[in-house]
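In the two complexes below, chain A is the common chain; its partner is chain B in one and chain C in the other.
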Partner chain A sequence: MGWGLVAPALLWTAAFFVLPFAAMVALSFAHMEGREVVRGFDPGNYIRIFTDWTMLKALINSLEITVVVTVVSVVLAYPLAAIIAFRVPARWQRLALLLAVLPFWTSYVVRSYAWLLVLGQNGVVNKALLSLGLITEPLEIAATRTATVIGFVHFFVMLLTLTIYANLIQLSPNYARAAADLGAGRWQTFRHVILPLTLPGVVTGAFLTFVLCIGDYITPQILGGNAELTLPQLIMLQLGRSGNFPLASALSVVLMAVVTLAYFASSRWLRLDRV
Partner chain B sequence: MRALSWAYLAVAYAFVFLPVVVLVAFSFQDGRLPVPPFQGFTLDWYGRVLGERDLMEALVNSALVAAVSSLIALILGFLAAHALARVRLPGSVLMRGVLIAPMTVSYLIIALGLLTLFNQAGVRLSLWTAGVGHVVINLPLCFAITYAAMGDQQRNAERAARDLGAPEWKVLALVSAPMLAAPLAAAFFLSVTFSWDEFIIAFLLTRFDVTLPVEIWSMLRSGISPATNAVGSLVFLVSVTLVILLEVFVFRRAK
Partner chain C sequence: MAQISTLPLTAVALLAVASPSFAQELNALVWCDHTDPALIEPFEEKFGVTVNLKEYEGTAAGLAILEQSQPGDWDVLVIDAVDVGRAVEAGYLAELPADQLPTADFFPEVVMAENNTVDGKTYAVTEKFGYNTISFDKTKVDPADMEDMAALTSGKYDGRIGIYDYYLPVLGLVALGQGINTADITAENLPSLRDPLMALRAASKQVSDVVSAQTALATGEVDIVVGGGEWLTAVLAADNPNLDWTIPKQGGLRWAQSIGVVAGSTQPDLALEFVKYIVSPQGQARLATSSCYWGMPANAKTGDALTMEERAVLRWNEQTEYLQRAQLYPIPDAALDTAMQDLWTEMLNQ
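Right, the complex of A and B next:
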């Protein structure tokens, strides 16, 4: 009986997730001759990724951006979630949280575009700073890594505030009380009681941030411009301009390997079934 | 310390809302560029956008793909969660892992894998192929939400129904599903919002008929314009309405 119910979902996942992934891995060992895909077992694509500087640089860019975004987002979101959980009166908390993540519901493509309007040469930030006399020349933020990072941090601060808040609110106030009774100051209570108890939630959120950030094409493409490429941008370039599916597949396998490494690095604290 | 908290909250809200405020404000721009100075208030861009056939078709396509793919993901996820939460099957930990796995994979990789598969199998790209991809990303979500919501209370009610002679499909349809109405609705609406907003899978797996995010993407190619602001504001309005409805009718009631 149980098998019959679980089978459709398993078959779907096998047919449209496991099988495509296997097909992609197989394709990554093919190579191009002219515009023809020649199948075989050729590690050339992987060798190229780790020896061709443009490819390696894209991988490094992606890793740097993702690590910065993950760390900054956690550091900004934790206090926000804590303030909502511990400072805002209980009856306003749900509203405060809903407001803090409301822009989450704008279209993803549109959100990056909106940041372009904010950060652009003639954008709101530059116009405001110019009229305040803080700068004399418009800052060049759009089409740089800074813009990409700002766009990402905006999105992930909202996501992490949600997950960290959910963790904080589940903590019994007795833990903090017990720590206070034992003479712990506020910082000590946070450092030795609250933080360790919320660590699984934080790591789970950080892992999701890492996965979503490193695989995203939209934000770096709209905000970062083409001055430096991230891995997803490079993959899309291979698909579009040169139609090099084998190389795009190999790059995707590398991307997948990076995510898997991140998974193992954080698996001790991960609680993916309790997001 | 207290004042510092409120200051931090204020700055955080300002940061979070900045792009949305700019987006909506300049959708009313009476001029060709959605950047300062503000040249006056007009609704022209909304009129123009609503009159654009490609956009409206894309909007209908998106709604269709979101509704159908979320429904399929919900049904598959619910059935699997029911089976794995109730019956002890050999390898159930492994099966849970397999079902959750797509959650940890970048959408780009899922899209590229499906594109490879469809190309090799000679399947033509359409809204259907994008829908298949959206089921793949939403199935783990629907599974996880309904799996987490299943408790002993349901188990007892189901057992009672079975003892009274209900066949298994009746237990599922008349006891389990209604008792899980709130989490099922939450899973469905979350899936709809994810699918509705998803770009890379829809971009790589559709060809002639496209979804709204893909259409907006092609609008961006021709540079910034208050028309894009207007579309973005409309999408925001629809999503926020959905979220508020969900909050009021599903989560309030669940309490």
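Right, the complex of A and C next:
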């Protein structure tokens, strides 16, 4: 009876994840001869990924951007979630959350192009800074890594706010009261009581941010202006331009390996059931 | 009661009239300029059919879609003219009846029989062409400078240049700048293009796709787009008449797209009618001024179907000179193509 209930999900996972993934791994050991894919067991694609500086740099770029985006997003989202959970009256919390996730309602691509206009030389940011006299020359923000990070952070702060809020709202106020009774200050209460209890929500949101950010190629392409390549962009180049499916598969396996490592690194605190 | 019993029948009748599933459908694998309703709807209305369009970018992606499809899935294919041979070699294109195509009315240079014909059989027909050259804002850039590619890396325009993110035309332009014809690019002389390509990259602010390049030029993020042309600036011309393009003294590249019927199409006659519509003066005018991007129509008789303003933006009267000064895209074999893409990837990650 139990297996019967689980079977549909297992079949679904096998058909749409396990089998395609196995096929991708097998393809990653193939190689190209001219424009033909030659199947076999050739580790050349993996050797190339870790010895060709262009490819290695794309991996490093992806990791650097992802780590910065994840950390900045957590730092911004935590206070926002805390304000909504503890400061906003209960009857307004739903509206506050709705406003927080409102940007989700627009297309991801449209939002990225909108950011391009905001961050451009003649964009809102530069015009505001120039008119306030804070700068004399427009800042170079668009088509840089900074623009990529800003675009990502804008997106992921919303996601993290939701996961952290879901954790904070479940905390009984008695924890903070008990800490206060024992003489703890507000910082000590946060540091030793609230933060450890909300860590699962933070890590869950951070892990999802990591996964979504490291696999995205739209934002670096639009906002980063191709100023540097990330791993997903490199995969897209192999798929769309070169037709080098074996190398694209190998790069994708490396990407999945990085995500898997991130999972194991955070698994101690990870509570995906709280998403 | 009677009202209730007639409702399902009414619904079925309405569905029969309205549902496209009852109509004949044509499936076309195209570039974005074909997705303009102004181009497609007249054909759909005339033949009472629905044209399903799927956009793709890059020949490799298009061929991959065909490879993963069943025979009969696709009826029409739009492809880079220089890649028609690849599609024919892979067995994806059906022979076209050459006597039913108006190629006698075409600009002679863009008939491109050497590309559209294989072993004496016609497999595709050129539908649109244009130039990959230099687009710029003439209020911010000295137009005289744009007549010489050397100005791009002179230091005068550092940080104000955008590069169109497509390796074939830009490497072709870099080759022309070095005095190498696009047809003469080989694995042996490709390394000589590395330093000028990297110098161009160092002088540029970004490497962008079509939309980002247009946005950057329109918003003043960059003042020059290398690899641009009328296809990049024409759709912006109405709002921003300062945008211009030119072919420098070293020359430019001519791009061309072809259209053909996919081998195994279950409705080859309708597919052929679509091809004939696209290369007719009316279809050509709509395709030339598509909302996605503009380009010169291959059919020279299209001039009458375009307004004077549209002809001016397309530089209709200067085509004779432009066609003489422009060279075709490089047509690399697989090994050279890989080497060119590796060089391009290295440039992107510089």
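Note that in this section the second predicted complex is superposed on the first by the 269 of 275 C-alpha atoms of A that agree within 3 Å, B and C clash if a C-alpha of one lies under 4 Å from a C-alpha of the other, contacts with A are read in each partner's own complex, and residues count from 1 in each chain.
As a working rule, a contact is a pair of C-beta atoms (placed from the backbone, for glycine too) under 8 Å apart; a residue touches a chain by one contact, two chains touch by 3 or more.
From a predicted model like this one, the values you see are computed outputs, not experimental measurements.
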item: Touched partner set for A:A227, first chain B, second chain C, both or neither; value: second
item: Touching partner for A:Y217 - first (chain B), second (chain C), both, neither; value: first
item: Greater residue coverage of chain A in the superposed arrangement, chain B or chain C; value: B
item: First, second, both or neither for A:S107, with chain B first and chain C second; value: first
item: Contacts of A:V118 with chain B and chain C, given as first, second, both or neither; value: first
item: Touching partner for A:M24 - first (chain B), second (chain C), both, neither; value: first
item: Contacts of A:R241 with chain B and chain C, given as first, second, both or neither; value: second
item: Touched partner set for A:A180, first chain B, second chain C, both or neither; value: neither
item: Touching partner for A:V67 - first (chain B), second (chain C), both, neither; value: neither
item: Which superposed partner A:L159 touches (first chain B, second chain C, both, neither); value: neither
item: Contacts on chain A seen with chain B and repeated with chain C across the two complexes; value: 113, 116-117, 120, 122-123, 222, 239, 245
item: Footprint of chain A on chain B - complex, ascending; value: 2, 5-6, 8-9, 12-13, 15-20, 22-23, 26, 33-37, 75-77, 79-80, 82-84, 86-87, 89, 95-96, 98-110, 112-114, 116-117, 119-120, 132-133, 135-136, 139, 143-144, 147-148, 168, 193, 197-200, 204, 212-213, 216-217, 220, 224, 228-229, 231-232, 235-236, 239-240, 242-243, 247
item: Chain C to chain A touching residues, read off their complex; value: 57-58, 60-61, 63-64, 86, 159, 162, 165, 167, 205-209, 211-212, 215-216, 219-221, 333-335, 337-338, 341-342, 345-346, 348-349
item: In the complex, chain A residues that touch chain B; value: 1-6, 8-10, 12-14, 16-21, 23-24, 27, 76, 79-80, 83-84, 87-88, 96, 98-103, 105-111, 113-118, 120, 122-124, 127, 154, 157-158, 211-212, 214-218, 222, 232, 235, 239, 245, 248-249, 252, 255-256, 259, 263, 272-275
item: Contacting residues of chain A [partner chain C, same complex]; value: 32, 34-35, 54, 57-58, 61, 113, 116-117, 120-123, 140, 142-143, 221-222, 225-229, 233-234, 237, 239-245
